[in-house]
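Two complexes are shown next, each including chain A; its partner changes from chain B in the first to chain C in the second.
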Partner chain A sequence: MALADKSASARHASDARPVPFLTPKRQAPTGTGPAQRAGKLWLALIPLAAVHSLVMFAGFFAPEDYAEQDRTLPLAPPSRLHFVDPHGRFHVVPFVYRIVPPPARPGDYLEDQSRVFPIGILVRGTPYRVAGIFTSRRHLFGVEAPAKIFLLGRDEYGRDQLSRLLYGGRVSLFAGLLAAVLSVTTGALLGACAGFYGGWLDGALMRFSELFLALPWLYLLLAVRAFLPLRVSPSEALLLAITIVGLVGWARPARLVRGVVLSARGRSYVLAARGFGASDFYLIRRHVLPETFGVVLTQAALLAPQYILAEVTLSFFGLGVGEPVPSWGNMLTSLLRYYVLSQCWWMLSPGLALIGVSLLYYLLTSLLQERLRIGQL
Partner chain B sequence: MRYYTRRLLHTIFLIFGVSVLSFLFMELAPGEFFDEMRLNPQISPETVVALRHQYGLDKPLAVRYVRWVQSVFKGEFGFSFAYNRPVAPLLMSRARNTLLLTLTATLFAWLIGIPWGVWIAVRKGKWPDHFSTVVVTGLVSVPDLLLALVALLVAMRTGWFPVGGMVSLGSSEWGPAHKVEDVASHLFCPALVLFLGSLPTIIRHARTAMLGVLDSGFVRAAQAHGISSRRLLFRHALPAAAGPLISLVGISVGTLLSASLLVEAIMGWPGIGPLLLEAILARDLYLVVGAVIFSTAFLVAGNLVADALLYRIDPRIRGE
Partner chain C sequence: MDNFEILGTLGRFRQILAALGRQRFRVQLVLAGIAITAARLTLPAPYPNEELLVTSNPIGRYGGRLVAALRSEPKTLNPVTAVDVASLEVIRRMTADLIHINRYTHRTEPALAKTWKVSRDGRHYILHLRRGIRFSDGRPFNADDVVFTFQVLLDEKVHSPQRDLLVVGGEPIAARKIDAYTVEFELPQADAAAERIFDSIAILPRHVLQKVYDEEKMDQAWTPGTPSGEVVGLGPFRLKEYNPGQHIILERNPYYWKADRTGNRLPYLDEIAFLFAGSEDAQFARFQAGELDVVSRLSPDNFSLLERKRQARGYKLYDLGPGFQYEFLFFNLNDMSSKGTEPIVREQEWFRKVEFRQAVSAALDREGIVRLVYQGRGAPLWGHVTPANKMWVDAALPRPPRSLDRARQLLKSVGFSWKDDGTLIDSRGEIVQFSIVTNAGNSQREKTATIIQDDLAKLGMRVHVVPLEFRALTDRVFHTFDYEACLLGLVSGDADPNPEMNVWILGGGTHLWNLSQSRASAQWESEIDGLMRRQLTTLDYHQRKKLYDRVQQLVAEDLPLICLVSPNILVGAKENLENFQPANLSDYALWNADQLFFRKASPDQPR
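For the complex of A and B:
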C-alpha cells in the first residue's frame, strides 16, 4: 500500500514548479512546468473563440433569420441530406427535397421527390446586418427557394432551429460574458478598496457582501428581477439581465480580491514604495492590482458559464429576454410541453450547446488555475 | 458558548439586513399588485385606493417595514394579495416540501459522494481516478435545467415514475403506508436530479481533502505501524479530512436551494420555488420577500450548523 508515497511525490513535484504568472517579465519559464502548459491554454481558448465568433456572425452562418416563420412547417424534423436521387443517380453535392405537409395529417411531413435542391455555398438569402453597420445577403449555405434547409429542424412557429440556436447563442453567451466582466470589475474595484484602505470601509463592504452571499443565487436573482418591471422590450430585457446577473454576483470576486490585496499591501516593496512617497492611486495601480490579476482572470472564466446559465434560467422562466428574440433559455421553454419534449429531440439543441460551452469554460478555468497556481476557488 | 452566541447574533443580523434590503428594493420597484386592477374598468379607482389603504400600501416605507416586522413576530410574515392570506402558512407547507426534497437528495449525495471521493483519492492517477474525473466533469457541465428536462423526458417516456406534484390523485383516502410509497415515488425524479447535480462537487472536495491528509506524516506513521488500510482510511484519515467537507455543507446549501428551485418549477414539486415564481409574475411582493427570507434562513441555518460542527470537531478553531 504505497498510497501516501505516491501522492507525496506528486506533491513534491508540483512544489518544484517555479511560480508562474502570465506577464513574461515577471518570470522566465524555466525547466518543464509552465512553458509546456502555456500551450495547453489554447486547447480551451481556440474552441471558445470559435464558438463566440460563430454566434457573433450568426447572420452569415444561419441560413434564415431568427424571426422568419413558416407556419406550414411547425416542428418539422431536421432536413435529410441525400446523395442519391430517385433515378439512382449519385450526386457529389448533397441535396435536399422540398418538405410538404400532407393536408390531412398535421405533424407528419413528406419529401417532394420531383426535384432535387443541391446545397449551395455562399448563397444569397434574407438580408442581415453585420456588426450593426453594413447589410449583407450572403449566407454560408442554403438551398434555392421554394425548398428550405433546416439541419436542426424547426420550432412550433416553423422557425429554423439552427438559425435560432446561433442567434440565441449570441444573446446567451455575450450576456454571460458581459455580466462576468461587469461583476468581476465591480468586485475587483470594491474588493481592492476594501483591502487597501481597511478600517470602516472594509468592515462595511464586507458586511454588505455577506448579505448578498447569504442568499441562494437563484433566489437572489429572481428577487431582484421581481422588483423590476415585468414587461420590457427584448433589448431592454437583455440589458436588464446582464446588469442584474452581473451586479448580483459582485460579492464573491470582491472578497477574493480583498484577500489578495490584503496580502499584497503588506509586502515590503509596497511599503518601500509608500516610503518613497508614492500615492495611493499609484500603489493600487502599479503594485496591488497586478497581484490580483490571476484571481480576477480565473474568476471571470469561472463566472462566465454560471452567468450564461443564469441568463438562460431567467429567460427560461420568461423573466429575461423574450420572444421573438431567441435566447437559449426561452428556446428551452417549449420543452415544458409534453409533445415537444418527447417527440422533438432537436428542440433540446440549446441544452446540448450549453453543455459544450460549459465544458469549454470549465477546461479554461482549470487550465488557468493550473497555470497561475491558484487553488480551486 | 460565546462562539455560538456570536454566530447566532451574526445570523440574526444577516436576516435583518436581507429584509431591509428587500424592502428598499420593493420601494424602488415600479408597479405593484393593484396595477392590474387599476386597468380593469369594472373596478372603480376608489376601490383600489381603499384596498391599498386596507393593506397599508399608502403608508411610507418605514411604517410599512415596522408593520411587517410586527407581523413577523405574530408569525404572519406579511400578507399575500394574490392568496388573500398571511404569507407564513403558505410558505410553511411549501418549505416542508422543499426540505423533504433537498434533504433526501443531499443525504444520498453525501452517502455516495464521500466514499467515492475517498476511493479515487487512494487510487490517484489510476483508472478509477481518470474515469471519475470524466464523470465529474461531465456532471458539472450539464446544467440542472437540462438534467431536469431529461429526467422528465425519461420518466414520461418510460412511465416508471409519476411526474408532477407530490401525491397522486385521491391519495388522501389511502392508508399511511400507501401514502408514503406514493410520495416516495413522486420524490424519486426530482431528488435524482438534485442528487446528480450535487454529487460532482462532493466527490471533488472529498478527493482533494483526502489527498491533503494522505500526504501527511501521521498517515505514513500509521501505515508503518501496520494499521489496516480500511481502518486507516475511515478511522484516521477521513476524520482529519472532515474540516473542509463540513464547510462544504454550509457552502452547498445555497447551490442546492437554487437547483431545487429549478427542479421544483420544472417537475411541479410543490416547494417554495414555484410559489416564488408565481409571486413574481403576480407582483405579490410580500410573498416574494417572504420566500427570499425563508431561503436565506435555510442557507444561514446550514452555515450555522456547519460552523457549530467545525467548532466541535476542530480544536484549532476553539483555540482562536
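For the complex of A and C:
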C-alpha cells in the first residue's frame, strides 16, 4: 500500500527518492479491493476506443476525401438537415438541399429547394484505402450528386470539414499515441537500467534526465525543424514530429520507473531469486518489470493527450504535417484570420475535438491511478 | 493635444474675459471659441511674388485631426534613405517633388516646378520653379535646393535607393542651375518618361542639410526622434510629435505652396496622426471601433465584414478594383551549373521547357484563386500588366480558360508521361515533384499556393508548399538560388512601363527568374530585353505601346512569370471625410491629404 502510494504521488514530486529497502509487500490483487470499481475503467476506455476507431476508419465515416476541393463553396456553413419539404410533406429520412452560392455576394449561400436529396446509408463515393490494404468506395452516409452533405461545414478551400476532422484526427491522435508509446518505452528501459544497476549508471542517466526536463521543448522542436531540408513529405514530417516529441519526453517516465525498480529490486523475493542464481535478465523480466506496469500505463495515458497537443501545436506553427494532409493543428491555422474566427464557428471543431479527447484521456489517467492506488492493476 | 492648444490660446483671452461682467461669461466663452477658430485661419499671408499652386478641389473647412494607421513604425524620416512603406507614407506627407504624378489620373502635373520644357532630342529638361515659396521653417526655396538634392541623391556614398532611378544606362542625370528659379537637367540618353522620374523625389532644404552632408552623416539625419523643428520639408504637413511605439503626429505646414480657388492656403486639416497598429486585422478592428478615420489596403474578408455594417457605423467603403500589384508563380531558371546543386539542375530541365510552364499555366484555376483567396475582389491575370493600367495594358492578350486537357497535351508533347496511379514522370522515368516557396505569414499567398498545389496534383505533379520567413525567402531567391518555384507579387509604383525595367531587362535587380547572369537563357528573354530597352528611348506613345504590347505577349507566351491575379484595392474612410479620392496607385488613400477636410468637427480621437 505504502509503495503504491509512493509511486502514484511521485508524479507530483518529480524527484523520486529511493524507497526504504524493506517495505511491506503490496496488497494482493484479488479479493480485497472494492469490486464495484472494476467497471469504471470502461467509462473512459469505450469512448476512447470509439474515437480511435472513428479516425482509424476515417475513409468509411467521412463522406468525402480530405483533399477534395469544391471551389464554389468556400467556408460554406454546415448543411441543414430537413424533415419537411417545401410542399409541407414530412420525410422519415432526413434530407438536404443543394447549396448554391449566389454570384454577387461572396460568403453567402442559398439552398436550392427545387429538389430534395435524402441521406443515404452505405453509399458509393470517392475511393479510399482501408488500413492501406484494400480499396473501398462505401461510405457510411452521403447524398446523391450534385448535392453534397457537410455536417460540419466546409473550409476555406471548400473541403468538407467533417472529413478533414476525421482524417486529421488520424494524424493527431496516432501521433500522440505513438509518441507516448515511444517515450514511455524509452523511459521505462532507461529507468529500469538506472534503478536496477544503480551506481554511476544511475547517476549519469538521472542527471541526463534532469537536463531533458529543464529543456524548453517547444523551442527545441522549432529549432530542430528549422534545420531540416525544405521539402519534407507529409508522412516524413509526421514521423519526424512523433520521433522528436517522443524522444524529448522520456525523462519523466524514466525517473518514475527508476523509483519503482529501485524499491522492487530490494524486495525479499527478488533477493531470494537472486540467491537461487537467477540472471539479471530473468529478474528484470519476471520480478521488476511487472512492478512498473501500473506506473508505465498511467504515464502513457497521461502523456498521450500532451503529445497530441504537442503535435497540434507543431502543425499549427506549420512545422508538422503540411497541406493538403490535415491534422487538427494545421486545420486550426485558418482561425488566425479574424474573419474565420468571428464568422465561421464550425472551423473551431478541431479545437473542440481536442478538448473532448484530452478529457477522456485524463479521465482514463485518473481511473488508472485510482486502481493503482488500491492495487487492482 | 488639441485641448492644450485651446487652453494656451485661452490664456490670451483671459484678460478680456476678466474685464467682462460675470453674467456674460458663458456667451463670451463661446465667442472666444469662434475667435480661436478664426485665429487658426490666419495663416501667413501670401508673400510678395509668392507663386501658389491653385487647386480645383471643392472648398473645404479648416480644422480637425485625421487618424490613420501604419503597419509598422517608420524607421526614418529621411527621404534620401527611406525604403520601408511606413517611412515613405509619413515622409510623402512632409515633402514635395518637382513634377508630380496625379495618383488618380496617372498623369504628370506641376508641383514645385510650375512649367517645364523638353528639348527636341528628349535629353534636356528645363524646369521653372515656383517663386517665393518657403520651407516648413519659413526659409525660402530656390534652385540651390534642387541642385543640392540631386547632388545628395547621386552621391554613391549616401547609398540612396532612389539613385538607381536617376542613373540611365550607367550614367547619372546632371542637374545644373541656370538662375535662382530655373534648373536644367541633362539625361545621358533620351527617356520617354523622364518627367515621371521627378515624382516622389523629395526636395531637401539645403540650409538645413548642407552641413550634415559635408560631415557625411546623411544616413543618420532625421530619425523619427529628431526634434520636430529640425525636420524641414515642402510638404503639406510637418513633424509635430513622435511617440515611440504609439504614434507620430504631423501638423499643418503654414507655408505650404498650394491654395484653393478662394485663396485659402492648404491643407485644411490641422493634424494627421499615424498610429502604429500592427497587422491588417488590428487596423480593421480600430477602424471598426471608430479610432481610425482612414484605412487603406483592407483584406477582402474584413472588407466584406465592414460592408455588412456600413449603414450603422458611418463610414464609406471603396472597392477601387485591381491595383498595380500582380501575383505570380515563377520557376528557378538561373544558371545553376556552377553551383552544383544537383537536384535543382535536373529539375530545371523541366522548368526550361516552355511547354512545361505553359502546361502549369493552363492548369491553374485563376478564377478559383480570385474567388477563394480574394472573395471575388481581384482580377485574374494572364499578363503582367493589370487592368488598372488602362494606358498600357494589352487588351488583345489571349485569356485562355483553365484546361487540364490542354495541359496534358502540352506535357505529352515534350515527353512527359503518367504512371498507372496518375503520377507524372519525365522521359527518364523521374517523378515530377518540386516545392513552391512563398512568404509565411501572408495568408493570401499561402492559400494561393495550396490551390496551385491542388491544381497541379490534377496533372500528377507532386508539389510541396513551403512557407518561409520573408528574409529567408529573399535570401533564397536573390542570393543562393536554392529554390525550385516561388510565389511572389510585385507592385508597380507608376503606370508607366519604365519602373518595370529592372524586372524585364537582363541583369535587372528584379529579373527574378534568372538573376544569376546577364546572358539570356533563351531567345525570348533577349527579345524582351531588347524591346524594353527600345521602348525606353522611344518618345512616341503609340510606338512605345506597340513595343510594350509585344513584351506582354512574350511574357504571356513564354511565361517567365506565370501571372495569376491582381488584388483589388480596398479602402475605408469616415463618412464625414470630404474630398477623399482614394487611388489604385501606391499611397492609395492619403495621396491628396492636403485637400482632405472633415464636414463637421470631428470628435476628439482617442489615442
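Here, the second predicted complex is superposed on the first by the 324 of 377 C-alpha atoms of A that agree within 3 Å, B and C clash if a C-alpha of one lies under 4 Å from a C-alpha of the other, contacts with A are read in each partner's own complex, and residues count from 1 in each chain.
The rule is simple: contacts are C-beta pairs under 8 Å (C-beta built on N, C-alpha and C of every residue); 3 or more make two chains touch, one makes a residue touch a chain.
Note that the coordinates shown come from a computational prediction; the quantities given were computed from them, not determined experimentally.
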Exercise for the section: Quick one: name whichever of chain B and chain C touches more residues of chain A. Expected result: B
Problem - Partner chain(s) touched by A:A214 [first = chain B, second = chain C, both, neither] - result: first
Problem - Which superposed partner A:T313 touches (first chain B, second chain C, both, neither) - result: first
Exercise for the section: Return first, second, both or neither, reflecting whether A:V224 touches chain B, chain C, both chains, or no partner chain. Expected result: first
Practice task
May I ask you to decide whether A:A67 touches chain B, chain C, both, or neither, giving the answer as first, second, both or neither?
Solution key: second
Practice task
For A:I355, decide between first (touching chain B), second (touching chain C), both and neither.
Solution key: first
Practice task
Using the touch definition from the top, say if A:P290 reaches chain B (first), chain C (second), both or neither.
Solution key: neither
Practice task
Would you check which partner chain A:G322 touches, where first means chain B only, second means chain C only, and both and neither mean what they say?
Solution key: second
Exercise for the section: Using the touch definition from the top, say if A:S233 reaches chain B (first), chain C (second), both or neither. Expected result: second
Exercise for the section: Applying the touch criterion given at the start, work out whether A:P47 contacts chain B, chain C, both or neither, answering first, second, both or neither. Expected result: neither
Fill in the blank from the handout: So the chain A residues that chain B and chain C both touch are 230, 318, 336, 338, 342
Problem - Touch list for chain B against partner chain A, complex - result: 14-15, 17-18, 21-22, 25-26, 28-31, 121-122, 124-125, 137, 140-143, 145-146, 149, 152-153, 156-157, 204, 208, 211, 214-215, 219-220, 223, 229, 253-259, 261-262, 265-266, 276-277, 279-281, 283, 285, 288-289, 291-292, 295-296, 298-300
Problem - chain A residues touching chain C - in the complex, by the definition given at the top - result: 67, 69, 71-72, 74, 106-107, 156-158, 230-233, 318, 322-324, 336-340, 342-343
Handout entry: In the complex with chain B, residue positions of chain A that touch it
Key = 1, 3-8, 10-11, 207, 210-211, 213-220, 222-230, 309, 312-313, 316-319, 332, 335-336, 338, 341-342, 348, 351, 354-355, 358-359, 362, 376
Practice task
Going by the contact rule at the top, pick out the chain C residues touching chain A in the complex.
Solution key: 281, 284-285, 299, 301-302, 304-305, 365, 368, 371-372, 375-377, 433, 435, 437, 440, 443, 447, 450-451, 453-454, 457, 464-467, 483
